Structure formats: C-alpha cells, structure tokens
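Shared between the two complexes below is subunit A, which has subunit B as its partner in the first and subunit C in the second.
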Partner chain A sequence: MPPRDRVMNRVALRYQSRIKRGAALANGKVVDAKDATALLEAVIEPGDRVCIEGNNQKHADFLSAALAAASPGKLNELHIVQSNIALPTHLDIFESGIARKLDFCYSGPQGLRLFNLIGEGKVEVGAIHTYLELYSRYFVDLSPHVSLIAAEMADREGNIYTGPNTEDTPAIAEATAFKSGVLIAQVNRVVDRLPRVDVPADWVSFVVPAPKPHYIEPIFTRDPAAITEVQILMAMMVIRGIYEKYSIATLNHGIGFDTAAIELILPTFAEELGLRGKICRYMSVNPCPTLIPAIESGFVEGIHCAGSELGMERYVAERSDVFFIGRDGSMRSNRVFCQLAGHYSDLFIGSTLQIDLEGNSSTATLDRITGFGGAPNFGSDSRGRRHNSKGWLMAGEEGRRDERAIPRGRKLVVQMVETFREGLTPTFVERLDAWSLMSTFKSPIPPVMIYGDDVTHIVTEEGIANLLLCRTLEEREQAIRSVAGYTAVGLGRDRRLVEQFRRRGVLVYPEDLGIDKRMATRDLLAARSIKDLVRWSGGLYDPPARFRNW
Partner chain B sequence: MPVAFDDGVVTGEGLIAGHRVLIAAQEGGFMGGAIGEVHGAKITGLIERAIETRPAAVILLLDSGGVRLQEANAGLLAMGEIHRVLLDARSTGLPILGAIGGRNGCYGGTSIIARCCDCLIASEEGRLSISGPEVIETVEGIEEFDAQDRALVWRTMGAKHRRLIDEIDVIVPDDMSAFRNAIIAQLNVSRPLSLETLEAEQSALRRRVERFRDAADARDIWRALGVDSPECVSEMEADDFNRLVEGLEGSGS
Partner chain C sequence: MEHLEFKFSVVGNATTAAQASAIVGVVGSGNLEVLIENEDLDGTCEVSIDTSIHRFGATWERVLADFVERHRLSNIRISINDGGATPAVVALRLDQAIADLLRGSR
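Moving on to the complex of A and B:
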C-alpha cells in the first residue's frame, strides 16, 4: 500500500500557481501584446514541455517571437514539442539556450539551420515524427505544460474561433487543457461575438491579441502553367493504369505538380474514359486550387481537409456538399482527422526525392533535415482496416504470395516521380542519403519517408512498376530498375526480365494502356493557368497576389 | 551549362491561312529563352532570308528574359545584329510581327526587339519590360518594387498596361487560335519606318513622361487615361478589355 498522503495532483496544483502568476498581467483572460513575453516568463517554468503551434500553414508567430525575447536566465532547458519548425524564432530559442530538446515532424525551410544547430549541440532531437505519431504522443508521454496556439478571433470569455485553418489546434488544445497545461492563444482580433466556437473558453487560459494577423502561407497552390507534358503523360498513366484498373474511389493526393496534373485531366481525359462517378470521389487533401475543375465537373464529391488554403475560403464555403463547413459558413479543417481519413482510404499517391532498389523513399538529403509531414501515415498500408472496396481487395489479391495465406486487402501506395529531378539529379539511387544522415544524426535507423514494403506502384515517365506482382526482392529490384530510365539504376536493368515483366503486368508502358504519348500535351489540362482556375470557380477563388499573372 | 541542338529557338518557313511566312519560336524552357550567339544568329539569318524571299510577314514568338549574360559580348553582339537586321527589313516594307504569350514574358534586349516590330500581339499573361521585377527590386529595394507581388508586377509590366499606354497593339485571350487569328489579320500590313514616324514617337514619349511623372502606380495612369474603375482592369477578360480600350481610343484620350 502506498502512503495515503501521496500527492497525485501536482500538475493541477502547479497549474493553479502558473495561472495566478499569469493573471497578474491579464484583464480577465486577455493579455496585452506588450506583456506577452512577461506572460510567458510568468507561466512557463524551466524544463517545461512547450508546444508553439506551427502547422503547415498557420503559425503562432507572435507568441513564438515573444518566447524568443524571454530571458534565458528565467526560461531555459525547455523541451519543444511541435509539428513544424518553420520560423526563424522557432530555432532562435535553441540558439539562446531557452530551449534544449526538440520533438517535431517537419522543418522545411529551416532544415539547413536545424542541421547546423544539431551539429553545434544546441538542439537535442528526441525524434523526427510523423504527424499522427507526434499528436499521439501528446496523449502519452509528451503532453505540453504550456501551448501557444494561433487563431482568428477570441471573445472576452476566451472562446476561440480558428476560421478555416483549424489544422492542429484541436489536438494541441485537448492534450494541453486536459492535462493541466496552460493554453495561450494569440488571436488576430478580440470580438464580442464569435462566428463559431472552435475551442471552448474553459479550455483556454489566456488570450493575446497580436499586433499583426498570424502568419499564414499558401503552400498548396500549384500554378497549372508550370505543369509539364511529362507530368501529364504520367498523370494519364496513373488514371488508366491505376485509378481505372483498381476503381479508386477514396484517396489522398500529395501536393506536388505531378498530382496537380492528375487533378487537371480528370475533367478531360478521365471524363472521356467514362470514369466520372467511378474514380476520385472522396479525397483527404487540402483545398488545392487545382481541384476546382474536378469538383465543378462532378468528379470529386467529398473532401476533408487538414488545413485550408489562402484564396480558397469563399469557394470552399459555397461548396458545402463537398467540404466540411461550420454553421458559420466557413470550413473547419482538422489535421488529425484528415490524416486518419486518408490513412483508411484506398490509395495514396505522392512524390519523393529519392527511391532505392527496395522502393524505400526519402526526402531527407545530405545537408538538410526536413522531416516527413503527412506522407508516412497516408502512405502506409492501413493494417487496421477491415471494410472492403474493389481496389483494396484487388491489391490484396495481387500481393498474395501463397494460396494458403489468409485473404486480405491492402492499400495502394503509389510513388510518382520523374527519373531525374532538377539539375539532372537521379531520383533512383542504390543507397539513400538517409543512411549518411543516420550517422550525423546519431539515430538508430535511417530517416525513411515511405518504406519499400508499403509501396505498391512506382510511376515514372517510362511506365508503371507494379511491385505487388514481384515475387522476390530480386524481382522488385529489377522492376524498379526497369522504370528508372537512364539513371545508373535504370541502366542496370536486365532486358530479358523487362520483356517477361511486361507479359506479367509487372511493368506497364503507356502503349500497353492504350495511351498515345502524342496526346500528352498541355491542351489536355482543364485549366492551364491560375486565371483558368478562377474562371472555373465562377470568380469565387481569389488567388493571393503572388500567384497572379494578370 | 545545359546545351540544346537548337539553342533554344526554332526557326522555319510555312503557310498560315495560305500565306507564306517565316517564323521563329523561342523555347522559354531553355535558359529562360535567353538570346546567345547561335540563338541570335538564327533569328538574324531568318530575317535576312525574309528580306530576299519576301514572305507575307516574319513572325517572332517571343518568350525571353533577354540576352544570355554568360555569353558576354557575343550575346550582346547577337542582340545588336537582330535589332539592325529587323530595322533593315522594316525599311524595305517587310512586316515583322511579334507575339508575347509565354511565361518568361519579354525582357531586356528581347523587349527592344519586340518594340521594333510593326505590330505586337500579346495575351494578358504576357509581360513586356526592359528590366525584370527581380532586377528592379535588387537595385531599388523592395519598398520600391516587390517582385513577389505578382499583381503589382503584372499591372506594371503586363500586356494590358502596355496596351493601355500604346506599346502593344493587340490583346488576345490566352489561346493558340486567338493568336493565330490576330497574326493573320496583320499579314502584309507594314508600318512606315521614316524620320517622321521616329520623331513622332519621340515626342509622344516625351509627352508621356510629363503627363504621368507623378503616377505612383499603373492604376493612376489608367485613371488618368479615362478608365472609370482601374481596379477592375486586371480582372477583365480580353474581349471586355478590348471594348474598354476601343471606348478610350474613341473618346480620344
């Protein structure tokens, strides 16, 4: 029997004293922007786990800067637990010693600096996570003591309205508020009445009206004018050779130009094939503007979004049959649910920077640590799935090696890449850069984005390699070589096997699908410019200035 | 350094609506359509041939950031040779038509080529300017010109603005057949190149500088030209825009 006087609510007691210290600076829950640093110094304690909301798009940039301005004498040894390291201030706190340990998912533009700070011993990385993995750990061993979130508006009680970019906020808010953590929201405005409540006031500890609206980045807008004919050819192959073959109704698209090309030939190429109502009906993806023609022409019937996209607000709001819309009329996004929805769909398709001979892929290259983002969860077989669909069953059957093995379905995971990347760097390599990163990084395993045994198809401008039909690892290697074109990996292919692979359907060339390569021109795109997208949207899409060419 | 067999420009001869023409098409995907020694020589040769063989027009499909700086003087000389032969051709009454509809726009020395043509046709995606947005930002600072603000870039250098201030002659929708029809309408049409036309152009430029000296933004110029709602111009489709321009020209402003 443990002693009866053992205290089991230390965190809650600490919460009370944190709030008391913070309340001295607040008017109700509202704290002036000029007192933001003082507030953080008052409520955060050395060694705390802190989450600075940083998503793909939305960032608590003001609070991040306020934390960076704190005194390292008062705040130090913090353990930062957040999905994205995107702003300079996210790393400034490591440079100054305010923070030491880091658990994160993705570092995009800060990848190079992060790499250097790790080298200097200023950042001690716990792990690079996938999104769902980190959010899950918020509810296991990484619950934040203090979270700094970003929202559109708050009312005076502290209710929060996130607007369409809800993104990671619900996961952070829940993990913080229900584990006696302090939840501080930076808001663009304090109003009397909110359009809707995304986070209820009693979860929220403090509200800070920021002097400038929070940073938000349109990262899912792809200009159709930049789509190449090679990408269009690959898109035609994907539609015929994969979407049509497996009747892919539910799926997740990556965010590159390759998948934008697929979206833009649905209303033309796929329509002519009579595939409307049969493929691409439900998607888990951000509201990418290149989806507009496919939505308008009746291909895509439902979309759940991880976040929003600048300029798409009005269009999305007017398409409540397709998107998830709040009673206020604006979209509600949620990265956790979107990741889950995509995980249990029939197919994931995306691009990568490197693929090795087993089909392992990685976006980690030698001099930067970018992390993974959403691809690993979308792009892995959903082994907890039990409901069936035609494509899921077909893929399971194709991958079944042994008559006696119990029948099961499997998710299609497609990597769509050109054989050479920018600057004539080969996409196919004998050995991933991830191996060298492993040692610089002192990690026990190389940072792989999608594991080869989850990948079912690799599509290049040469053709489609169906890895499900490969019987051995040697066959898998040869199948990958046979779509790797003129890279060193591709030149190592065995000609005799190529012929055998074509007979067995392991290797599919465009002509095997009845695709005339000469048809792969930009004329096939339903929209050839951003302005065409505006036209398709009936003027509802309002592209940010940086994407306009008129 | 990338190389290409055609050095980024395709030249040839063919028929358009039954009329014989010589044509050059720049490949904007190759070094931004920049003009180097070989690229330039091909265009110069094409126009020299036209002076001898008298087609209905020489058509230049322009998509270029200007001279290929890494070729140094060879590139600049090539540019100068094109300018010279173009004016030679025009002085014999041979029409030279320029068309701008690519992603690179038409900048630097290529913009001078464009402005030496008899007639310039562009889609609203087209841009025409000596210095590019990044160059201006680098030299004058981001407060003066933010190259990332594409709406600003297009209303300063875009085809609609150039049409409104008379530097481009025809605006068409972003469509192959629209360009083709506009070109057909200009075959065998040449503008005189004489001392009087040059002097008239010079004084028009002088008047323009005086008139718009204080305009801080293209929209101020459009308003001064008599456009009622300058903020709507960028959103207009080509047909509506052309009606607007006709109305302004009809009213003589």
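Moving on to the complex of A and C:
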C-alpha cells in the first residue's frame, strides 16, 4: 500500500500561491500594463516551463517584452515551450539568462541569432518539433506552468475573444488551464460584452490590456504581380499531371508563389479542362488572398484555416458557406484542427530549399536554424487514415511493390520547386546542409523537413517525377536527377533511362500532358495584381497598406 | 556583357517552319529575349548570346544542345539577349519561340 499522506496536488497548491501573489497587482483579473513585468515576476518561478504564444501571425509581443524586462535575479532557468521564435524579445530572455532551455518548432527571421546563441551555449535546445508534435507534448511532458497568450478582447470577468486569429490559443489555453498553469492574456481592449467567448473566464488567470494591439503579420499574402511564367508552367503541370489524374478533392497548399500560381489558374486553365467540382474542393489552409478567384468561381467549396490573414476578415466573414464562422459572424481559426484536417486530406503540396537524391527535403541551411512549422504534419503519409478516395487508392496502388501485399491507400505528398533558387543556388543537392547542422548541434538525426519515403512526386520546370512508380532506390535517384535540370545533380542523370521512364510514367514532361508552353504566360492568371483580387472579392478584401500599390 | 556563340548540327529532318521568324520574351532582370529565324545554314543551328551574367558558357551550351536535340532542329539561327535568366526561364522561352516558329504565332 502506498503511504496515505502522499501529496498529489502540489501543482494546484503552487497555483494557489502564484495566484495570490499575482492578485496583489490585479483589479479582479485585470492587471495594468505598467505592472506587467511585476505580475510575471510574481507568478513565474525559476525553472518554470513558459509558453509565449506566437505563430506565423499573431504574437503576445507586449507580454514577451514584459518578460524580457524582468530581473534575471528573480526569474531564471526558464524552459520555453512555444511554437515560434520570431521576435527579438523571444531571444533576449536567453541572452540575459532568464531562460535556458528551449523546445520549439520554427524560428524564421531569428534563425541566425538563434544559431549564434546556441553556439555560445546560451540556448539549450530540447528539440525542434513539428506543430502537432509540440502541441501534443503540451498534454504529455511539456505542459506550461505559465502561458502568455494574445487576444483581441476580454471582458471584466476574464472571458476572452480571440477574433479570427484564434490560431494556437485553444491548445495553449487548455493545456495550461487544466494542468494548474497560470494563463495570462494580453488583450487589445477590455469591453463590457464580447462578440463571442473563445476562452472561458474560469480558465483565465489574469488579463493585461496592452498599450498597443498585438503584432500580427500578413504572412500569407502573395502579390500575383510577382508570379513568374515558370511558376505558371509548373502550376499547369500540377493541375494536369496530379490534380486531374488523381482527382484531388481535399488538399493543403504550402505558402509560396508556386502554390499561389496553382490557385490563380484554377478559374482559367482548370475551368477549361472541366475540372470545377472535381478538384480542389476542400482545403486546409489560411485564407490566402490568392484563393479569392477560385472561391468566387466555385472551385473551392470549403476551407478550414490555421490562422487568419490581415485584410481578409470581411471577405471571409461573408463567405460562411466556405469558411468556419462563429455565431458572432467572425471566423474562428484553429491551428491544431487545421493541421489535423490537412494531415488526413488527399494531398499536400509545398516548396523547400533543398532536396537530396532520396527525395529528403530540408529548409535548414548552414548558418541558421529555421525549423519546420507545419509542413511535416501536412507532408507525411497519414497512416491512420482509413476512408478512401480515388486519388488515395490510386497512389496506394502505384506504390505497391508486391502483389501479395495487402491493398492500402496512400497520401500524395508533392514537392514543387524550381531547379535553381535565387542567385543560381541549386535546389537539388547530393547532401543536405541538414547533415552539417546535425554535427554542429550534436543532434542524433539531421533536421529533415519531409522524408523522401513520404514524397510521392517532385515537380520542377522540367517535368514531374513520380516516385511511387520507382521500383528501386537507384530508380528513385535517377527519377529525381531527371527533373533536376542543369544542376550538378541533374547533369548526373543517365540519359538512356529517360525514354523508358517516360513510357512507364515515372517521368512526365509538359508535352506528355498536352501542355502548350506558350500558354504559360501571366495572361493565364485569373488575377494579376492585388487590385484584381480586391475586384474579385467585390471590394470585401482590404489589403494591408504595403500591398496597395495603385 | 558577355558574348557567346555556339554551332550545333543534329542528324535528322530539315525543320519545317510555319513562319520565317519568331520572337518571345523581353530583356529584363531574370528574363531574356529570344529571336528564332529559319535560314539556310547548311543544316546546322547557330546561336549567339549576349548575357549580363558571366562565366555560365558551359550551362548555356548544355541548355541549347538539349533544345536543338529535343526539337531535332536544322537551319535555325537563334539570337538571345539575356538579363540573367535561370536555365528554367531560358528553356521555357526557347520552347515558346520554337512553338511559334513551327506552328505559327497564336
């Protein structure tokens, strides 16, 4: 028999004392902005796991700065568990010694500084996660003791309205509130009555009205004016050679001009092929403005969003048949559900910085830590999937090597890249930079974004390599070389195999798909500028100032 | 600017053009202008290139050799003004120009 006097609610007891210390600074649950640092010093304890909410879009920037202003004498050795390292203050706390350990997903613009801080021993990285992996660990071994979240509004009781950028808030709030953690929300304003409740007041410990609205970036806005003819050619190949062939109805698009080109030729090229109602019907993706023409012309019927996008709020709100809209009339996004929805769809397509001879891809380059974000969750075979669709079954059949093997479906994972990036840097390489990063950081495995055995197709300006139809690793390598253009990898191809590959469908060139390259011009785009997108939206899309060039 | 010249001969049929010449593209950063003319060159193809990016002669030669081979071209003169296009853009422009020459401009 275990001893009866064992205390099994220590965290809850600690929560009570944290709240008592914090309440001294609060009026009800509301704490003045000027007392934010004092509040954090009162409720956080050395060694705590702390989450500062922030993803690609919204950030709890004020609370992050308030934490960075804390005294390292009072707060130190914190373990930061958050998806995104994007703001300078996210790393200031490591520089000053407030934080030591870091478990995260993605670092974007801070990648270079993070790289240096790791080198100096100021940041000890637990792991670089994929989104679903880190959110899952919030409910296993990385539950935050204190979470700092960002929201649009709160009422005086502490109910929270996130607005359309709900993003990661539900996951963080639940993992924190139900594991006796302190949940502090920075809000743009405190009001008497909320449009809707996204986080109920009894989950929320404190509310801090921030002096400025939280930082939010229009990261998913791609100006159609910058789409090139090579991208349009590749988009035509994807629509004919993959979406049409496999009848892709449910999918996720990565962000970038390559996928924006696909979105913008749905109402023109795909419409002429009679593909409306057959392809691209349901998407797991942010409300990218370049999707407007495809939505308006009836291609895309349903979209669930991981986050929102600046300027798209009114357009989205008035398209509740397509988007997920609250009773109040504004969208609710949710990164976890969007990642899950995309994981179980028919296809993922995205870009990358490097692809090796096995088809492994990585966005890690020598001098920076960028991490993965959501691509690995979208871009991997969903082995828990059981419902079928034409494309899923076709891909499974194409990938089946042995007739005795049990029949099963397979997700299509497509990498869409030009053979050279800017500055004539080759996309195809013999060896990923990820290997060097592995040794620099003494990690047991190289940071691969999408594993080669999950990739089914690689599309370049040269053609499509169908890796499902490759019978051996050698064939796979040759198929990859055969679409690698004039990179060193491409020049190393065995030219004798090309015709055989084309006969077997391993290799598909534009002419094999009946594509007239003369159609690959910007005239094919349903919208050629941001202004065109505004017009398509009936004036509902309100682009941020920096995209208004008319 | 760098000036390059190449001459190719492919064993095959004489190219039957629908029109005497075709021009596609514009000179601009990352872009290029391609002029293709059908001309009696003893069955060969002659290429002259003016490019803003130096030291890529070997890549140009490969891209053009593949192009001539792919379309089995003869008696074709190609003139290129390049503003630093990637091989992807070069190959696309060449294919667009030859399609116009062989099938007639659209």
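We take it that the second predicted complex is superposed on the first by the 550 of 550 C-alpha atoms of A that agree within 3 Å, B and C clash if a C-alpha of one lies under 4 Å from a C-alpha of the other, contacts with A are read in each partner's own complex, and residues count from 1 in each chain.
In this text, contacts are C-beta pairs under 8 Å (C-beta built on N, C-alpha and C of every residue); 3 or more make two chains touch, one makes a residue touch a chain.
Given the structure is predicted, the values throughout are model-derived calculations rather than measurements.
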{"item": "Fit or clash between subunit C and subunit B when superposed on subunit A", "value": "clash"}
{"item": "Touching partner for A:529 - first (subunit B), second (subunit C), both, neither", "value": "first"}
{"item": "Contacts of A:546 with subunit B and subunit C, given as first, second, both or neither", "value": "first"}
{"item": "Which superposed partner A:420 touches (first subunit B, second subunit C, both, neither)", "value": "second"}
{"item": "Touched partner set for A:225, first subunit B, second subunit C, both or neither", "value": "first"}
{"item": "Dominant toucher of subunit A (residue count), subunit B or subunit C", "value": "C"}
{"item": "First, second, both or neither for A:485, with subunit B first and subunit C second", "value": "second"}
{"item": "Contacts of A:516 with subunit B and subunit C, given as first, second, both or neither", "value": "second"}
{"item": "Subunit C clash site on subunit B (candidates 23-31, 95-103 or 185-193)", "value": "23-31"}
{"item": "Footprint overlap on subunit A, where subunit B in one structure and subunit C in the other make contact", "value": "none"}
{"item": "Residue ranges of subunit A touching subunit B (in the complex, touch as defined)", "value": "225-226, 528-529, 531, 545-550"}
{"item": "Complex contact set, residues of subunit B against subunit A", "value": "103, 124-125, 148-152, 154, 158, 160, 174, 234-235"}
{"item": "Contact set on subunit A toward subunit C in their complex", "value": "228-230, 233, 418-420, 424, 460-462, 485-486, 491, 516-518, 520"}
{"item": "Residue ranges of subunit C in contact with subunit A within the complex", "value": "30, 56, 59, 62-63, 86-89, 91-92, 95-96, 99-100, 106"}
